[in-house]
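Presented below is the structure to which this report refers.
By letter and in written order, the chains are A, B, C and D; residue numbering begins at 1 in each of them.
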Amino acid sequence: MVSKKPIAIVIGVGPGLGASLAKRFAIGGYSIGLVSRKESSVQPVQKKLEQQGHTSLSVTADASDILSMKNAFHKIRTEFGSDPEVLLYNAGRFIYNSILDLKPETLKNALNISVIGGLVASQEVLPSMIKQGKGTILLTGATASLRGSANFAGCSVPKFALRSLSQSMARELGPKGIHVAHIIIDGQINTPNQMQSQPDRDINSFLNSDAIAEAYWQLHVQPRSTWTQELDLRPSIEKF
Amino acid sequence: MVSKKPIAIVIGVGPGLGASLAKRFAIGGYSIGLVSRKESSVQPVQKKLEQQGHTSLSVTADASDILSMKNAFHKIRTEFGSDPEVLLYNAGRFIYNSILDLKPETLKNALNISVIGGLVASQEVLPSMIKQGKGTILLTGATASLRGSANFAGCSVPKFALRSLSQSMARELGPKGIHVAHIIIDGQINTPNQMQSQPDRDINSFLNSDAIAEAYWQLHVQPRSTWTQELDLRPSIEKF
Amino acid sequence: MVSKKPIAIVIGVGPGLGASLAKRFAIGGYSIGLVSRKESSVQPVQKKLEQQGHTSLSVTADASDILSMKNAFHKIRTEFGSDPEVLLYNAGRFIYNSILDLKPETLKNALNISVIGGLVASQEVLPSMIKQGKGTILLTGATASLRGSANFAGCSVPKFALRSLSQSMARELGPKGIHVAHIIIDGQINTPNQMQSQPDRDINSFLNSDAIAEAYWQLHVQPRSTWTQELDLRPSIEKF
Amino acid sequence: MVSKKPIAIVIGVGPGLGASLAKRFAIGGYSIGLVSRKESSVQPVQKKLEQQGHTSLSVTADASDILSMKNAFHKIRTEFGSDPEVLLYNAGRFIYNSILDLKPETLKNALNISVIGGLVASQEVLPSMIKQGKGTILLTGATASLRGSANFAGCSVPKFALRSLSQSMARELGPKGIHVAHIIIDGQINTPNQMQSQPDRDINSFLNSDAIAEAYWQLHVQPRSTWTQELDLRPSIEKF
């Protein structure tokens, strides 16, 4: 299944943003490497992409496990026969806990998923990007990227860390032609789970995952004279 | 010259970003109201728009003068026969001075151009936008919006002020369907003046004004589930 | 009433923070110049200082009026016979308004009180400070210095502007030995007015004005190896 | 060696800031628990404290190792016979590397030292602090806490993470009477090592570790009506 199209990899694929990112970049002309921890998360996405005539490849990997991530990239590169031009890093874990109850091992795991996984994934795609003098790395942030709220250290510590990684990479890699941007998603996404669990909630208070994916795409196609490093996204009626 | 198309107004039109914004929104289907202090700045832009088959109207006004601004909006509304759906606020003044040499009257004028003008312009377009339940207000920021550098109070004080206005308006008006966003332009734009005055400078170190205008347009077309309040723009090789 | 002690000037004196700042710096060995718009605000403060054996001088001036401010500084310099070593800029105006109802003239006035007044006052004290190679300028910020909330543009626009001025001055003047710092007061101060108007409110939810003044003093006495440019202050139980 | 005085613990003790913090809080009336990875770092500090008549206890522990940290706290609690009232978290690791050369394991280790260690240490002292309704936790940040610079991800990722932890703890624990603050040290400290390795450097460009320790002490003694969550510290001549 060697791909003649350029490759985009999505890390963290479920029925929400990951699926929308895959679809948007597929429509944009990319073959998609889908990486998720669970086969059951990634398979329906791949199936749908194929039904729509897009090329994709799904791999299960644990973003918190360095070797597992390396294997996933190796598999995608080998099967598609070329290196990714786009990395969409969307892995994360939601934790809500008093600081007294936040287990250090849980925070380590969340950091591994977020920032260590983001580093490993970036290092997998960067050598080729640097050689080509181009590439796009987009990292998914959240409200917690900017603010450490009470009981949210489990979310905000990894998200602050990922934001820092995005800035450091952007400053080093921009001059080499690689666009690194960080997207702050400030609100809940209209995933099936979120919507079913809050049936009475105003539908306008959810971010639309396809619209988010469009924002990622627009970042990707920015010409290098005019790059965004960071933007926020939220519903019009969201308090912030 | 009653306009059947919706109206976008650009405040602060010269050969650089203002012209590109006018062009982009004209292509997007808008009749353009062009407002600038000098007839010589705005006329060539209008002429070019007309040559390309777009509808536009140019008005001279001093953004620092409340009455002058109100008159400009009145004229545009009257001639086009309807209220603007889009306000692109791009007025500003560059000042570089030791704090000892920054005349209070100069800083007042810069504040009047930036944030008082921004308030007046917004108040001119908001009643109709609120009635329609939709509208877009995009405000042009700069590096100085985030950082008060030595000798740059004349720039940063007005730009911080405008950023504050943008946040306050976004939070009040978002739930009413009006999208207020702030664009941080971090670098120099490829205006004829800038490029001629620095002939040896790497052309890749300038922001492209058409690409900036595209970013504004993309903000304008974001669906209300997924709005950006702030983004930055800079050349890939810019240090930041 | 020539002062043998060094001079500190407090702009914006009422029964709350202004009075506490005056007292703290008087205890610290300074003669105090008190500047306020209303004689009735400043006289009780001066009277109390004198009862406690401190030297002070009260002048009425309108912080939004450049000439009025210059006259106030002239009078203090002349009467005390020397130039101030410390400027505590505490003037401000509270405005709460929908963006639709915020009169441009009101915002201008608020900007004049905050940032134009801050610039004028700084320019009055800086020449002597630069000559001496030392001096302290402390500027009072607020929650609104960092965040433009809905209906708070009248507060946040001037406070963002003042914060920008503080940064720009700090970066230019630090190397000249002048310490410029910005204090973000995040909450309500225990002024008589505030407390009387909210009789049922938990007293622990107010900032103590004497404690704030102590924080200003500690900034003032920081050695120049180790200066703070910005800090926040809030009650332990404040949500933020 | 049961301590009749209250206990302060310093994590990350060397000849620079750690030693100054220990001295300042000892002078302030605390018995000091000194924790460092290397006996050779902590012993001279303890010796000096004892020569000056202060009570201290030194324990070696690896801040990146959860069990090692827990043991250190257990030992200090047991020997001193009571729980710490003050935690000064000063552990960190300097890393300078291209993003391509930053080993994931190295970043993990840096995160373990910084934010996992900070969490573990906080969890060791918090139960007693919450019971008492008072306590102080001060966390050492850096320039890299606010900015992810090129080649500095190894520093900034852990420091962003620690800052997030500080915010989250402050917001949860402030209402319980525990003061959590974050100190951004923006520049190099006058440690013997730093000064010897840059013999030609202007001595005024170093932060003074005793002055930093004084700033920590002033945070500690702030009354709870008026707490600082974050401040920065830098030499007057530092560019920032």
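Quick note on the criterion: a contact is a pair of C-beta atoms (placed from the backbone, for glycine too) under 8 Å apart; a residue touches a chain by one contact, two chains touch by 3 or more.
Nothing here was measured: the structure is a model prediction, and the numbers come from that model.
Path length between subunit A and subunit C in the chain contact graph, taken as the least number of steps between touching chains: 2. Taking C-D and A-D together, the pair of chains sharing more C-beta contacts is A-D. Of all residue numbers used where subunit B meets subunit C, over half belong to both copies. The two sides are thus made of the same residues. Separation between the centroids of subunit A and subunit D, computed from CA atoms only, is 34 Å. Counting only residues that touch two or more partner chains, subunit D has 171. Contacting chain pairs in the structure are A-B, A-D, B-C, C-D.
Taken together, the subunit C residues at the contact with subunit B in this complex read 66, 98-100, 102, 104-105, 107-108, 111-112, 115-116, 119-120, 122-123, 126-127, 130, 144, 147-153, 156-161, 163-173.
The part of subunit B that touches subunit A in the complex is made up of residues 171, 174-175, 177, 179, 190, 204, 206-208, 211-212, 214-215, 218, 222-240.
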